[in-house]
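In the two assemblies presented below, subunit A is common to both, partnered first by subunit B and then by subunit C.
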Partner chain A sequence: MRREPPQRFPDYGPLMFPAAMLVVFFVIPFATMIAVSFFERQQGGFYEPAFVFDNYGRFLSLFFGKVLAFSLFLAMAVAAACVTIGVPFTYLLSRSSRGTQIRWLVVLLSILSLSEVMIGFAWSTLLSRTAGITNLFAMLGLMDAQALTPSFGAVMTAMTYQALPYTVLVLYPALVRLDPTLTEAARTLGASPVRAFFTVIVPALRNTILATLIMVFIFALGSYLLPQLLGRPQHWTLSVLITDQAIYQSNMPFAAAMAVFLVLVSLSLVGLAVYAGRQKEAA
Partner chain B sequence: MREILNKAASRRAVLGAGLAGASMLAMPSILRAQDRSLKVGVYGGYFKDSFDKNIFPEFTKATGIAVESVAEPTGEAWLVQLEQAARAGQAPADVSMMSQVALLKGMSTDLWAPLDMSKIPNVSGLIDTFVNKYPDGRFAGIGAVSWYITLVTNTDVYPEAPTSWSALWDAANADKLGLLALVSNSFLLEVTARTYFGGTDILDTEEGILEVFDKLAEVKPNVRLWYRDEAQFEQALKSGEIPMGQYYHDVTGLAAADGHPVRSTFPEEGGIRDSGSWALSRASEKVEEAHTFINYMCQPEIQAVLSRKVGTSPTVKRDLLDLTAEEFNAVSSDIEPIIPRYEMYQERSDFLNQKWTEMIAG
Partner chain C sequence: MSGLILSNVTKQFGTFKAVKDVSLSVPDGTFVCLLGPSGCGKTTLMRMIAGLDLPTTGSVALGGEDITQIPTHKRNLGMVFQSLALFPHLTVGENIAYALRIRGIDKAEQKKRVDELLAMIHLPGFADRSVGKLSGGQRQRVAIARALAISPKLFLLDEPLSALDAKLREAMQVELRQLQQRLGITTIVVTHDQREAMTMADTVVVMNGGEIRQAAAPVDIYRRPADSFVADFIGSTNLIPFQADDRGQASIFGSTIEGFSLVGAKAGTISVRPEDVQIVTEDASSVTGTVAFIRDLGGTVETFIEAGGQQIIAVASPRARPDVTIGQTVGLRFDPETSVVLAR
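Then we have the complex of A and B:
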């Protein structure tokens, strides 16, 4: 059966539903946010419709620049950590028996059912001085019990834990479909398994890995609870400050301006990554 | 037992259960149509549990008005939700207990429906400062309870109670403190001003505020947690993970009564006294019920129950209460309290917020 390109207006019918959903749940809220970001803040009150740039002006300072830089750095670090752990793990998983694969995937999927709050509190207990894992080492006489949170490491650990299931789920189909003869050929030609992994598997999956990096990056950029629960104030991301402004300071226009800025910066970074990927492919 | 388990559910039993289930689901709407009701917002956790147990059932018994309690988040988060909802003509709660900073902010947008004092005769017993008025004299809120934020410690880690707020600055307490994360609910500027600058007058000017900020910034190395979420600090305080900090006197007392190793101390410079007022959302349609509720809550007997059961400090005059000296001292102190500079948070909110965020996160 040949698929005809749509000719008449009704042929576009099936597109109407997703288009309507996109408009209602994305375009309208996002447009509202952009509009609010230009509204005028009433100090000690709420906001009035207006068209002012004050909210963006306030954002352009060294302080917020540093917070933005840290947020981007944290999101990239989480993405890198997830891919570093996720690619070898998923590769080994795709080579193992079907039963093992199913068990692992069920465990990973069950992590997705945990809310961010539960993950945060669980890790803060695990890393605490009074009830944490260091008590096990203390019992073995290796070290004194100490608090591992709040710290950058605690934030990274919990965020990586939270994003890893997504990483594996995105990588899994690509790795399962990967032709096993590729590695066999590399092995026949004398490459060690590790060498075959880095010279054959990783390049063959370049686009998948890039897509995974971008997905985890965006996912991590929106995190606001884990940095608060497990980090010190210098580890708070821009999302934490946006929440502060929106929920506690009732400064919707400034919160909206920061959010718009964050979206623009992350979109341009994603665009840059995709562009770089294309260039490399063309070369 | 086995026989019961093996017995197949008959068709009739299934139908019956379904019918019963459906009528259960339909019940609340029937109740709503028959009885008068009111949605009341109070702070979630120990506070709300205590109201649900000790106050609301008695109120329903006395007036026939059913209360649906709503757990509200601390301070301004709830204000923002109420305001957004009121703009859409909705009221997530009819009457809410609002802290003073939030109440003042709500007044600036006319969020609170003016209250009719002729329907709240019991207000005559209240201490004057606990009645909130709009600048034009309309009544915006009526004092519900007042509470203290004090210096709290874990008794296992600190066998001796600290005596002064200056303990927060003590280098011996490095990385041991939990403090509130927002300028407008921690009132640490007032604490610093009282402890090191002889009073809160220095906060009259911007230069003075910056000077206080510099002094306050010295506590940073001692702070392990700047908390937005009370449960997070409460948990850490009980376990000794974060053994010192600022927290609510009433809740700490309830936790200590439950056997947790915590104590609340009024420092020699005084505890921070904040208060909550009942305020009615302008989007509410339960105006009559709300007035009945507020009037009920202003009775000295009810205020006494609150002091005994919830641990809050009363808003009615001392001589109207039947609290013993011991009971009164448990919820209050003779030391002159630190009163927050509410108007400062109103007039300079963005300046304070910016400097505060830069101080703790910078």
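Then we have the complex of A and C:
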């Protein structure tokens, strides 16, 4: 079937509704936020229209620089962990029987139904000293019961747990479509199954893996509850500070400025990743 | 003993036996076609030779060594898949060099071998092309070159030509056969196309229901089929029931046929190729039939004759066109030399 680009204005008709929704629920709020980021804060939690750069100037400090760096690092670490676990897992899943695949997918989808708060409290219990998994090891005499939270590891674990279902759902269609004889061909040519996985499956899925990394990265960047529930203050992300400024300090202009800055930084990183991907493909 | 030897190989999937107790010996340097209808177990048999599936029982030996338990990647073989399975992220040259790269052969050596192979498949200078931009026939050649990169002892092809159009397929069959003869490599091809098997193979192995029905040279398969399945599957044939009396004298459709001596059989089937059916004037030593339809295809003339409640087809060249008309009663004669008495 040949698709023609729309010729006349009425041909764009079907796009009107989604375009309107996008304007009302995305463009207007985001534009408002950009505007507010330049406003001046009034004592008492209000702000008045102005055009000042104070809000942006305020986080040109070592403290906010560190928080931003940590946020980006955490999001990248979560993305890397999810892909490292997700690709081999989804590969094995796509090669297993239909029944096994459905059971696993149902379990993964059910994780999506859990709210971030529930995930956070569940992990804080699991990693606690009094009721946590270390008690099992203590019963086996392997170690003493101890608290594993708050810590960086706890934040990473919970965020990876939360993002993994998305990772698998993005990778699954691509891996199912991948010709299973590719691995077999690699094996007849002398590659062990593990070698075949790294020399054929992973490179053949390079673009899918890159897209998954970006998706999990952005998803993790927005996480603000888990770092608070499971981490120490030094594990708080920029999203936590934005929430803090917006809700508790009632400093909307500053929160807006941080949010806009975070969007810009993450967009430029995504752009960089896509550009790097294109470069390698062309080479 | 050298060559490939399969001994009592059986493969069972659940309760279904895909391959039943198959034994086969393939001497070095021969070209064997595994031929049969879909689901006959030929692909499963090839996958067991490649090590992609493990036999439930039985053993596979190559060059005198039992390789049943050796994993695929240590068998040093070349295989072309039905889907070709070219690696989409690699160029033509990188695809061909894959087996060499895995074995850690140095870059200069790899490049030399790739150029050699590209020349062999008549695609010189294609090393840097993307595999996605090749035509069907070119992809086919690249898959063959990739499988032959390490000069394997055994070359396996699973329905290699099925994706090509008819004309290209015929050309590739000839090319593949010439390549195999030049390299002297032991080759096994799985196919469901009997013309393909007849064109290429030294030995055709006809399979059905997971068993080998006959393994012989193409001409013998055609001239001396072992059973009615083989006779019917290879080319077209007339399968005609017969009875024999105590003296071994055969009769077909009630007419006694001279010249057939059937030892030990009371009843059975004879297979007569359409080109071996002779149309004669009705007499005592012929089978009586009525001409039902004549099909003139230009190159050949097919005469359909009703006899004994079944249709018998006779094929002749236009010069030897039988002088008959529809509805005419004729005699049919089957030469004992060219008719085959089938066990079942």
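FYI, the second predicted complex is superposed on the first by the 278 of 283 C-alpha atoms of A that agree within 3 Å, B and C clash if a C-alpha of one lies under 4 Å from a C-alpha of the other, contacts with A are read in each partner's own complex, and residues count from 1 in each chain.
Everything that follows uses one rule, which is that a residue touches a chain if its C-beta (ideal position, glycine included) is under 8 Å from a C-beta of that chain, and two chains touch if they have at least 3 such contacts.
The structure presented is a predicted model; accordingly, all values stated were derived computationally and were not measured.
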Q. Putting subunit B and subunit C on the same copy of subunit A, do they fit or clash?
A. fit
Q: State whether A:L182 touches subunit B only (first), subunit C only (second), both chains, or neither.
A: second
**Q.** Of subunit B and subunit C, the chain that contacts the larger number of subunit A residues
**A.** B
Q | Vertex subunit A angle, Cα centres of subunit C and subunit B, expressed to the nearest 10 degrees | A | 150
Q: Check whether A:T130 is in contact with subunit B, with subunit C, with both or with neither, and answer first, second, both or neither.
A: first
Q: Once the structures are superposed on A, label A:S250 by its partner contacts, choosing first (subunit B), second (subunit C), both or neither.
A: first
Q. When the two structures are overlaid on chain A, which partner does A:L241 contact: first (subunit B), second (subunit C), both, or neither?
A. first
**Q.** Smallest distance from any CA atom of subunit C to any CA atom of subunit B, in Å, after fitting
**A.** 43
**Q.** Set intersection of subunit A contacts, subunit C complex versus subunit B complex
**A.** none
Q) For subunit B, which residues count as touching subunit A in their complex? A) 75-77, 79-80, 83, 104-105, 108-109, 182, 184, 224-226, 228, 232, 236, 239-241, 345-347, 349-350, 353-354, 357-358, 360-362
(Q) List the residues on subunit A that touch subunit B in their complex, please. (A) 41-46, 58, 63, 67, 121, 124, 128-131, 147, 150, 228-229, 233-234, 236, 241, 244, 246-251
Q: Using the touch rule from the top, collect the residues of subunit A that touch subunit C in their complex.
A: 179, 181-182, 184-193, 195-196, 199-200, 203-204, 206
Q. Taking the complex as given, what residues does subunit C use to touch subunit A?
A. 50, 52, 71-79, 81-83, 85, 87-90, 98-99, 102-103, 146-147, 149-150, 156
